[in-house]
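Each in structure tokens, the structures are laid out below.
Below, subunit A partners subunit B and then partners subunit C, in two separate complexes.
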Partner chain A sequence: MSVQNKAGANRAKWVLGAPLILFTVVFVAVPVFQGVQTSFYALTLQDPSAPFAGLQNYRDLFSSPGFLNAARFTVGFALAVTTIETILGFGLAMVVNRTFPGKKIFFTLLLMPIMVAPALLGVMFRLLLNGDIGLVPALLDKIGLQISLFAPDSVVPLLVVLDIMQWTPFTFLIIYAGLQSFPTDVLEAAQIDGAGRLRTVASVILPIMKPIIFAAVFLRLIDAIRTFDVIYVLTAGGPGTKTTTLSIFIYKTAFESGGFGLAAAASTVIMLLLLPLVPFLVKRIARQEGDLA
Partner chain B sequence: MGKHVRIAGAVLVSATLALAGCAPSTGGAKVAAGGAGGGTGTVKMVLWPGPEGDAMSKVVTKYNAGKGKSDGVKVDMTLLSRQDTFSKESTLMAAKSSAQDIYFVASYNVGQFAASLDPLSEIDASNYFPVAVDGLKYQGKQYALPLDVSNHFLLYRKDLVNALVADPSQKSAYEAIAQKATGENRDPKPAAQWDWTDFKAMAAYFSAGTNPKSPTKYGTILQTKNLLYNTMVWDDVLWGMGGSWTTPDGKANLATPEAQKAVELYADIYKNGWTSPDSSQAEFPETQAALKSGKAAFAIQWSAGFAELSDKVKSPEVAGKIAIAPVPSKKTHVHALAVALNKYSNNKAAAKKFFSYLATPEAMTVYAEAGGIPAMPKVLADKASVNPAFPMIAESINKYGYAEPVFPKTFQAYSKIAEDLSGAWLGTVDAAAALKTANSNLQGLLK
Partner chain C sequence: MTTDAATSLATGSRGSLATRPRSPRRRRLWGTSLVVGIIAISVNVPWLNAVLVSFKTEGDIGRGALSTHLAPTVDHYMNALGASGYDFPRFFLNSTLIALGAVVLVLVIGVPGTYAAVRLGFGGRLIMNASSGLRLLPAIFFAVPYFLLMSNMHLIDTVPGLIIANTFLNLPLGIILLSAGFRDIPIEVEEAAWVDGASTYRTLFSVVVPMLAPSLVAVAVLVFIFTWNDYLFALILSSSNATPITLGAANFVTSTGIRWGDISAATVLSTFPPVLFAIFAQRFLVSGLSSGAVKG
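Moving on, here comes the complex of A and B:
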């Protein structure tokens, strides 16, 4: 490439990338910086003068049982739902990745849960699952099953099930999209070699799909750690703090306690804990040289 | 590429540390505390949607068409989401914004917001309920004007309870169940005479699990979701048992025998199945649903719930069958939803003209006729034809009303108590241990 062409290509790169860079700076970088900055100040509603607090917010955070409980619940919840959703999403993608009657309708119905805003879904579930007027308990009652879905012992499994119902279509979509560009000659070779269905999945499909599956896991895990809407609408983090996620903890700290500095510190800690995951996962998502493509 | 990434990372970290040393834009640097303005122009107000927002929109329309013209003031009201109004306002206050002139507040958060509000001492508040006005004072200053008043009632199926009281053939069955449930000899009584032991006995009697002949599935529905508003409901039990949040000298007072009895009442009702297991996630709408569906015989509910339950269209199963009585043991939480002046408003003089109008019976009559529950005894008395509950609300507030202490972290205290006790309310956490934690946390907030 001549020097002139190279300079032109560089210029084009910056011009085309400028809107995204500007968007990232204004709507991501600046708020993140401001949040981190706030975490070093004792900014509360009761005292908006916000004196400099150094690391005091962080000290308060790590000695707060509420934060530690929320972290434990969030990590457990996120790992559980991500694992199940990835497995189910993969299974669904394999099933749908063939021609069958009504495939388009089935596909559309499958994607419907992710088209609904999470908060709205929370409100819908709240009505559907209500013991007195809800459709689901009424149907269960008709088949002789009297379960209280919101009882303390069943509320966590309920939240896991609802999350799976809502977000499995997301992992399915990512994995299904990956299957569309799967090399068919490799499958044919496996068939010729006499590999059965399960063996083909385990030894051929899964290794090649690993980057796509990691992408689904990564995106879903980050989102699951940020879970707020459905849980807040349904349980408000209760009973007690049983279902309080980190996002609910941050929300309550900021808007019920008026502790903006402490809430900013919690947000910063979560960001710093998740950031190291990015290069680890990007490495596994990006295809290596020499991989089948 | 690796070198560029390292340089970018170093710049990022340095910038972050540098910014951390600067004052945040939401605090630190002094921001001028608004201004009086010319006394005319547009006044911006926020409120939350629902009965209060609907009623207030009628008041605003009337003001803008009438008195507002002579005042030279036009009020522009924005309805935020019911769930997030206070969060959005908190953000505006933390940013010292002048975007809104009038905020929507409540007696349970006025202490928290006081640093961002201007007192309204010059507005005549003599038409309001004294308890509502006092609940909006912080450090002796009036920070808001009451708009809507909320308290609790015992909403009950009068067809069932009155039939029980009038029927001698049910008396012995009731006494046996009451004895087992409460350890005491209790006769069936009219709802207006109940104490909390009667409440428990009735909950047992009207639960099909304990009394197979019960016409309802559950006696009651408890509001035990981890929500600050449910602390307000439980406080009726606490105050009714002789307890309170604080001692007369202002120290936390939750680790007491009275508080323990109040928690155990809830826990006993829940564990015995005299309330739906879904009570663990119940608040106002779930309570309405339980009463509307006929599954519960009675409940402690906000005063705003009665109108819907009496409506034939909205509650066909129970309309005409629900009556109201004072909360057992005759102690009801009262709070006022209110309007307050933004300290950073640039239009304070104009906003105060609107406040002066709001504080009149004329404005609050419009509010009442549009579905609100104004905090003015005269209006409630005059407008009984609009809402039959009005006279009872006035009596209840005057005779039985109490208000929790107002301090900067009152709002947080309600949330913390719900968080600390909602497990104990269900009997999943030991009551004494939960109250010890709640007491310690409350003491921390009182400082």
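Moving on, here comes the complex of A and C:
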């Protein structure tokens, strides 16, 4: 590369990078700064004059039962669905990972729940679960079960089941994609050694697949923690505040109660909790560029 | 590399764990079809149910889900697309404009920016790290700041406002996928263009970008789907004029909740763009999603 070219490239990198810098400053840096800043002000929808409030929002937040309940529900929900979906997704990936009739069409069908908008899926769930015209209540009624699906006792298991229906295809896809790059010679060696099927899974496949399963868990977990659409459309966080996730709590605090400062404080706390995970993700993506996808 | 993995996924079973089908295994293969088929249909029950309801008359819907009385009708689709009192056509138009706008903006910002970062040392690792970091933060964190920002810019309830918001949400994904695409292009190709005296811009736009086509399509498809499916920012940043279909459909249910036939038809229609992509652009979706770039 000639000297002249090098100088040209040096200028070019700033020209080519300019739109990205501009967008990042105006639409990323400013909002992040404004978000953190708002958390120190008593800003409300009703009172935009916003006196400085110091740490008051944070004190309010940690003494607010709403926030702590939402945090507890979100973490419990996220851990439950992630665990179940990873196990089911792994099982499904093992089953699908062979040639069988109809594979292509079933594979496409399995991907569909990931593509449908979660909010629209919420609408469809409402239709499916509607007490008067829904399929599920009608079937339950038929076998003599009179369950009110949205009652306080059954609403959480219901949401877990719905989440599993929607997102097991995602963990399946990640793990299945990983299986495609699985070294077949290792497996053949295991089979020649006479290792049984379960043993092959336990002592050959699982150890090699560990990073990919870990990735599926991690990706699913951070998405489950931010769950909003389906639950908001289905229950709006109720009955009471029973199914209020952190995202729903922040949304309601800001846009229904008008407590922008408090909502910003909650957002900042979540960000601080998630920030230590960033290097992990960065490392994962860097590694994946090298092998998997 | 990206496309290789995707192709093998889309076409099925290269390197699969099971050994080749032998006749004694025939029955087990059909057993696999049965099990996978049942699961594949089960996870789509909400959608299939909505399709079914959308073709039933109001009377049949009212008779309950198990009623076998069927008189298929397309009335609900006509209503969803044109009856007065519904805004669905406008919701569709808004969704389309917002999604296309976000695709264009992500590519216009992402392609040169990522090229500069990957090949010209622009920003070093910072850009990749920041993109991955933003991927991690819940969108809700930006709800309040974006509402304030868009209010200040008078972009609340406008299509451009939602285009910007969705560009912001999807740019990290775009940069991650594009950087993988750029890295897959052999540096020798660019060096040859340099030697021939092409400027950096010419090298990028006439030599590199055409080779980047698979990544560009993957980014475009994913950004389109994720923007089309966005609900949270639509809820915060639009009230009527710029309302996309996700918000429109959800609002419709909460406000009336009676006209299930019409709402089913509208919902089914609005799942079509993503579903068509799932069928016809599958390899791009699979490679994009499995690069850890999905968002919730």
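Definition applied: the second predicted complex is superposed on the first by the 243 of 293 C-alpha atoms of A that agree within 3 Å, B and C clash if a C-alpha of one lies under 4 Å from a C-alpha of the other, contacts with A are read in each partner's own complex, and residues count from 1 in each chain.
Following the convention adopted for this analysis, contacts are C-beta pairs under 8 Å (C-beta built on N, C-alpha and C of every residue); 3 or more make two chains touch, one makes a residue touch a chain.
Quick caveat: nothing in here was measured; it's all calculated off a predicted structure.
In the superposition on chain A, A:Q34 contacts both subunit B and subunit C. When the two structures are aligned on the shared chain, A:F228 is found in touch with subunit C, with no touch to subunit B.
When the shared chain is aligned, subunit B and subunit C each come close enough to touch A:I133.
After overlaying the two complexes on the shared chain, residue contacts for A:L277 are found with subunit C alone; subunit B is out of touch.
Legend: residue contacts after superposition of the two complexes on their common chain; A:S63 is shown touching neither subunit B nor subunit C. By the touch criterion defined above, A:G258 reaches subunit B but does not reach subunit C.
Of the two partner chains, subunit B is the only one that A:T241 touches; subunit C does not reach it. Touched residues of subunit A, counted separately for subunit B and subunit C, are more numerous for C. Where the contact sets of subunit A with subunit B and with subunit C meet, they give residues 34, 38, 126, 130, 132-133, 251, 254-255, 260. For subunit A in complex with subunit B, the touching residues are 33-34, 36-41, 43, 45-50, 52, 66, 126, 130-133, 148-152, 155, 234-242, 251-252, 254-258, 260. Residues 1, 5, 8-10, 12-17, 19-21, 23-24, 27-28, 30-32, 34-35, 38, 92, 94-104, 106-128, 130, 132-135, 138-139, 142, 165-166, 168-170, 173-174, 176-182, 184, 187, 191, 205, 215, 219, 222-229, 232-233, 246-247, 250-251, 254-255, 260, 263-264, 267-268, 270-271, 274-275, 277-278, 281-282, 284-286, 288-289, 292-293 of subunit A are the ones that touch subunit C when the two sit in their complex. By the touch criterion stated above, subunit C contacts subunit A in their complex at residues 1-2, 5-6, 8-9, 12-21, 29-30, 32-33, 35-37, 39-47, 49-50, 53, 61-62, 64-66, 108-110, 112-117, 120-123, 127-130, 132-149, 164, 167-168, 171, 176, 179-180, 183, 191, 194, 199-201, 204, 225, 228-232, 235-236, 245-247, 249-250, 253-254, 257, 260, 263-264, 267, 270-271, 274-275, 277-279, 282, 285-287, 289-292, 294-296. Subunit B meets subunit A in the complex at residues 15-16, 19-28, 86-87, 90, 93-94, 96, 112-113, 115-116, 224-228, 276-278, 280-281, 286, 289-290, 292-293, 295-296, 408-409, 411-412, 415, 418-420, 422-423, 425-426, 428-429.
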